[in-house]
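The same chain A turns up in both complexes below, where it pairs with chain B and then with chain C.
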Partner chain A sequence: MADENLLVIDGLRDVLKLKNGEAAYPVDGVSFTVPRSKTVGLVGESGCGKSMTARTVMRILDKGISVAEGHITFDGEDLLALPEPQMRDIRGNRIAMIFQEPMTALNPSISVGKQVREAILLHEKVSRAEAKERVIQMFREVGIPEADRRYKSYPHQLSGGLRQRICIAMGMICNPDLLIADEPTTALDVTVEAQILELMKRLQRESGMSILIITHNLGVVADICDEVNVMYAGQIVEHATKAEIFNRPLHPYTIGLMDAIPRVNGDMEHDLHTIPGTVPALGNFPEGCRFCTRCPFADERCRTQAPALEDAGDGHLVRCFKPQEVR
Partner chain B sequence: MATETMTDTTPETIPAAPGAETAVLRAEHLTKHFKTNAGVVKAVDDVSFSIARGETLALVGESGCGKSTLGRMAVRLIDPTSGNVYLDGEDITKVKGKALREARKKMQIVFQDPFSSLDPHLTLGEIIAEPLRAAGVSKAEQRERVLALMERVGLGKEFYERYPHQLSGGQRQRVGIARALAPEPEVIVCDEPVSALDVSIQAQILNLLRKLQRETSISFLFISHDLAVVRYISTRICVMFLGQLCEVCPTPDAYTRPLHPYTKLLIESVPIPDPSQADRKRQLLEGEIPSPINPPAGCRFCTRCPYADDTCRTVKPAMRDFGEGRFCACHHPLEG
Partner chain C sequence: MVTKRSKKREEKLVKAAVETGGSQTRDIIRAFMKHKVSVVALVVLVIILIAAIVSGFIFSEEQITAITAAARLQPPSLEHWFGTDAFGRDVFARTVYGARYSLFFGLTTAALSLVIGTAIGSACAYLGGTFDIVVMRIMDSLVCIPSLLLMLALVAVIGRGMHGIIIALVVTSVPGTARIVRSIVIGVVQNEYVEAARAAGVTTPQIIWRHVLPNAFGPILVNILMNISGSIISASSMSFLGMGIQPPTPEWGAMINDALPLIRTSPYLIVFPGIAVLVTSLCFNLLGDGLTDSLDPHSR
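Moving on, here comes the complex of A and B:
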């Protein structure tokens, strides 16, 4: 069973019941894989469905949202078919997740040490003292200074960077096979962001875990990812290796995103490239290609037919009738 | 005292911009202390700067460094503990009533969160008209000017009767900008105006701000933590750390030849969207920002600085003039 892909998401479709009785699909036919010991990025703007895809893997969807179609296979097991008790054994143990806002992800009334220890006690039969030792050891590993003392600290006594390290420690404590990181550095300052990304890379080198990172920041993608999936309006519009996506972006949306970011080493003279308009609202996606209303290359076919995600060579997938190679 | 002899340039002698004579807004020795249960937070400690007409001065630094507090003091939204603010050469630090209202017409602010900074009960037309109403502009003229403003910031007429909740984040931020522009101010403080926006929308707003500046001679104080954004929008940069300025320089210099170790580290920390740069050599900053309640003696950056020595730990570095509009407060600047 040594499949090279640890996680396989196949045709995932999440359904959300709207107030007017209609159904909307915030995640609409998403397929991608996370190979073992690799880092895969899920990139897109707010509301594109990237976080919901991750939450579906963890099976922590909000009320009112459910999986309509598709399969999620983790290490050969069908996650969506697992009874909740078995899922609980996997969640936090073999698949761990860290969130954007480390303040809300932690319980404010329990010391951070105890919270992390809970993860061990839940999944393993070890003594409390032994578990505590391991927590302090893990705190040291994720770079928390004065780990002994910090064990007794409460979340509000720590800075954002330290809190995120606690969350990472909590995620790493059971030595997961897959770490899902949802915008792990978005709430942090750049100097701390750089530290956290370095930490994640080091932990991966040491443990061999896979990482699925959700981010809107292409700088983070360039820093940490091996493969990238770009999402737009609930669908993956482009998939490629990191080098491919940056050197040969094909989808007009990906190209637009790349050109829209101001860079510390970029051109200052000209206006930034912009993608006109805004992301279409959920349940209000245009006919045909979902990007057609904002795409400079859209024609009649784009407005009426929905393009499929197709291989443009060497596994570089793109959902577009007119993949651009303008660069 | 050693600290005295180190002062070869006092901060207030920093010119508005190389070659620029007229400062629209000038802050001198601004200080703000907040009393909390844990002690006195020295949010801003003796900061001076000035903004020339038509200039965008960026104020960068990490969260908690005091940049927003400084920006708010500059437009009299909060009163400084000490120090002075001058608008068009006039001291407005203590003005009240009518004089303050007059001053406020000339200085406006755009906030980070376009969701919480617009009154949900008012239509966009009413929101943008508010500063005009306050200035006593007639109803008919209000409408005309609001529509013109909406066009300038790229909002169609159809938005006039709409409410904030009907808009996307980018559109709301355009409303915030239109409202700030309404009284025809001389300076607008933009406090993280694009941080809450998606990348594609962020670019639209940045281009809009640049366009507005080309059209008029408006000045911006642009507060941001994003060094890539700042490079694109600003003329000069003030780098702030723990309540104090550590470097002031023309924008390109901050990236190509920073003087302060903190400036350099801050810029090197920005993730670059280019995989060939992923393995670039960069020094990671150790630790986190010290508490503003008990800032380190001497240089406030000394606990995180790779070059810190005993002098840095005991003697506060003075702001020194390095020529060509570059100023830096450091005992071991990266040049000279």
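Moving on, here comes the complex of A and C:
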């Protein structure tokens, strides 16, 4: 149902042309949905295609990468078919994005207030003074102390947490329907992280926007998400609600990620669990299941045949031949 | 005691942070004022510039080049501050007048190489691919040739006039500017705020104008100031070697060359134009140093 889901990504495949003429697929057949007013997590290690999926939605892919197949439907509109000027109207206005590094996501030579104001002036016909008022109002809303004075500050004069608040203010200023947050708290320390997540939850309650949050931190997922998609090597390997995925993780990769969370009251005798190896290099994915090289349960079938994403009950999807045995 | 002082300092910093903003130009000027040496350099350059302009109204070219046999080779005195040369011409007047040539060469070359170099460099950075590789290799091969040799060769081919010298100076300074602009633009474009601007729906021309150029402008401007001083020295070098401005025109390099046979008897003939070249180019360099810091918002 188009009405229930704000964003529908269907069979998305990004192609990257390599120098030797071959093609690689950093995002390979990704499908998921973001329901209205819900928070969906996209979880995985570095280099598994999470950020590229988000950038494809925004259509801000780097040169050399393009969409090979698939559809992205946003509020009933086919984003990939939209002409660039219309797409620009959506960017920042209806879909906003906040980035991982609040240190570099702000232009160092423009005061933060003007940068946020720019976002309003781009999409709405309001006077500069009015826009400024709204920026200061938004600064207060995202918890920036002395908002009217901070308007004139430059990014380097602010702390990391404040800068991320500015970025969120910039994302929220046009009341987007969808906020894409690409590792919004990775560069922050844990106390600030908690504050930022709390802020995002409050803004969501107030505005009813949907959030797509990209993270490698399951703690963030536990805090903020309603649904989770786990990505590995360009594919979704597991999809479930938050409660379901923490209670009944099915994919060995998800389980590995869970075990890798340090526990305060855990058994200090044992080392922290890690998943051996790294994500296989792009264009070098193994035949069969892409996780087979690192999976402790892999057998001959896993190495030769690729499993499909299948329903393991109650809409809990998993891409594994033996999800039950895993536990 | 220590904590009290550091607290005071912190308060001051917070106050400064809160007070800054508004006009960005004001911030830059305030930061620049802290560089005393650069401020002095700027003042000296302004004096030189005014002198160069005024000298055009005070002295006619004929006055500067006219021969007065009776007054030849007088050491510095109250009447002739820098003394007189072998033809009885006042060295002070000639040195001041010579600034017109040096500044003209320096500024024209810098302006031309800024325009051409920025166009080439940003085109390479933006287009990339084969175009980038081919153009940059041409620039690299130009850098490989010793610049003085290249300039002399170009002047020999084009001719010794003004335009010959300027073309030679531009050809030798463009590759450096293009390379620097290219690397700066590539660096700035990769910043996340450029991506963030795209994600906010900013159009490409606006991204270049508001987000790329202001952050690339500082280093490019500094490079241009270095270029001015380099061009002044190069132009004088060519004149000194007899391939640039010809005597009796009072170009500093040509004046030094003129005075070379008299170095033992009248060293002041070489010292004053030499100091003029040194001071002018040094001031441009110092100005560049000061601007590097004041244009970079992180080091303000």
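One rule holds for everything that comes next: the second predicted complex is superposed on the first by the 320 of 327 C-alpha atoms of A that agree within 3 Å, B and C clash if a C-alpha of one lies under 4 Å from a C-alpha of the other, contacts with A are read in each partner's own complex, and residues count from 1 in each chain.
Convention: a contact is a pair of C-beta atoms (placed from the backbone, for glycine too) under 8 Å apart; a residue touches a chain by one contact, two chains touch by 3 or more.
The structure presented is a predicted model; accordingly, all values stated were derived computationally and were not measured.
Colleague: Applying the touch criterion given at the start, work out whether A:192 contacts chain B, chain C, both or neither, answering first, second, both or neither.
Modeller: First partner only.
Colleague: Go through the superposed model and pick first if A:216 touches only chain B, second if only chain C, both, or neither.
Modeller: Only chain B; A:216 stays clear of chain C.
Colleague: With the two complexes superposed on chain A, say which partner A:119 touches: chain B (first), chain C (second), both, or neither.
Modeller: A:119 contacts chain C only, not chain B.
Colleague: Using the touch criterion from the header, give the chain among chain B and chain C with more contacted residues in chain A.
Modeller: B
Colleague: Would you sort A:258 into first (chain B), second (chain C), both or neither based on which partner it touches?
Modeller: first
Colleague: If we overlay the two complexes on their shared chain A, which of chain B and chain C does A:105 touch? Say first, second, both or neither.
Modeller: second
Colleague: Does chain B (first) or chain C (second) touch A:156, or do both, or does neither?
Modeller: In the superposed model, A:156 contacts chain C only, not chain B.
Colleague: Tell me the contact category for A:279 with respect to chain B and chain C: first, second, both or neither.
Modeller: It touches chain B, and chain C stays clear.
Colleague: Does chain B (first) or chain C (second) touch A:206, or do both, or does neither?
Modeller: neither
Colleague: With the touch criterion stated at the top, can you tell me which chain A residues are shared between the chain B interface and the chain C interface?
Modeller: none
Colleague: Flag every residue of chain C that touches chain A in the complex, lowest number first.
Modeller: 17-18, 20-22, 24, 128, 191-193, 195-203, 210-211, 214-215, 297-298
Colleague: How about chain B: which of its residues touch chain A in the complex?
Modeller: The touching residues are 62-63, 168, 170-171, 198-204, 206-207, 210-211, 225-229, 231-233, 251-252, 255, 265-275, 277-278, 282, 284-285, 287-289.
Colleague: Could you please specify the touching residues of chain A with respect to chain C in the complex?
Modeller: Those in contact with chain C are residues 58, 60, 63, 88-93, 96-97, 99-101, 104-111, 118-119, 122-123, 146, 149, 151-154, 156-157, 167, 170.
Colleague: Show me the residue ranges of chain A that touch chain B in the complex, using the header's touch definition.
Modeller: 45-46, 145, 159-162, 189-195, 197-198, 216-224, 242-243, 246-247, 256-258, 260-266, 268, 271-276, 278-279
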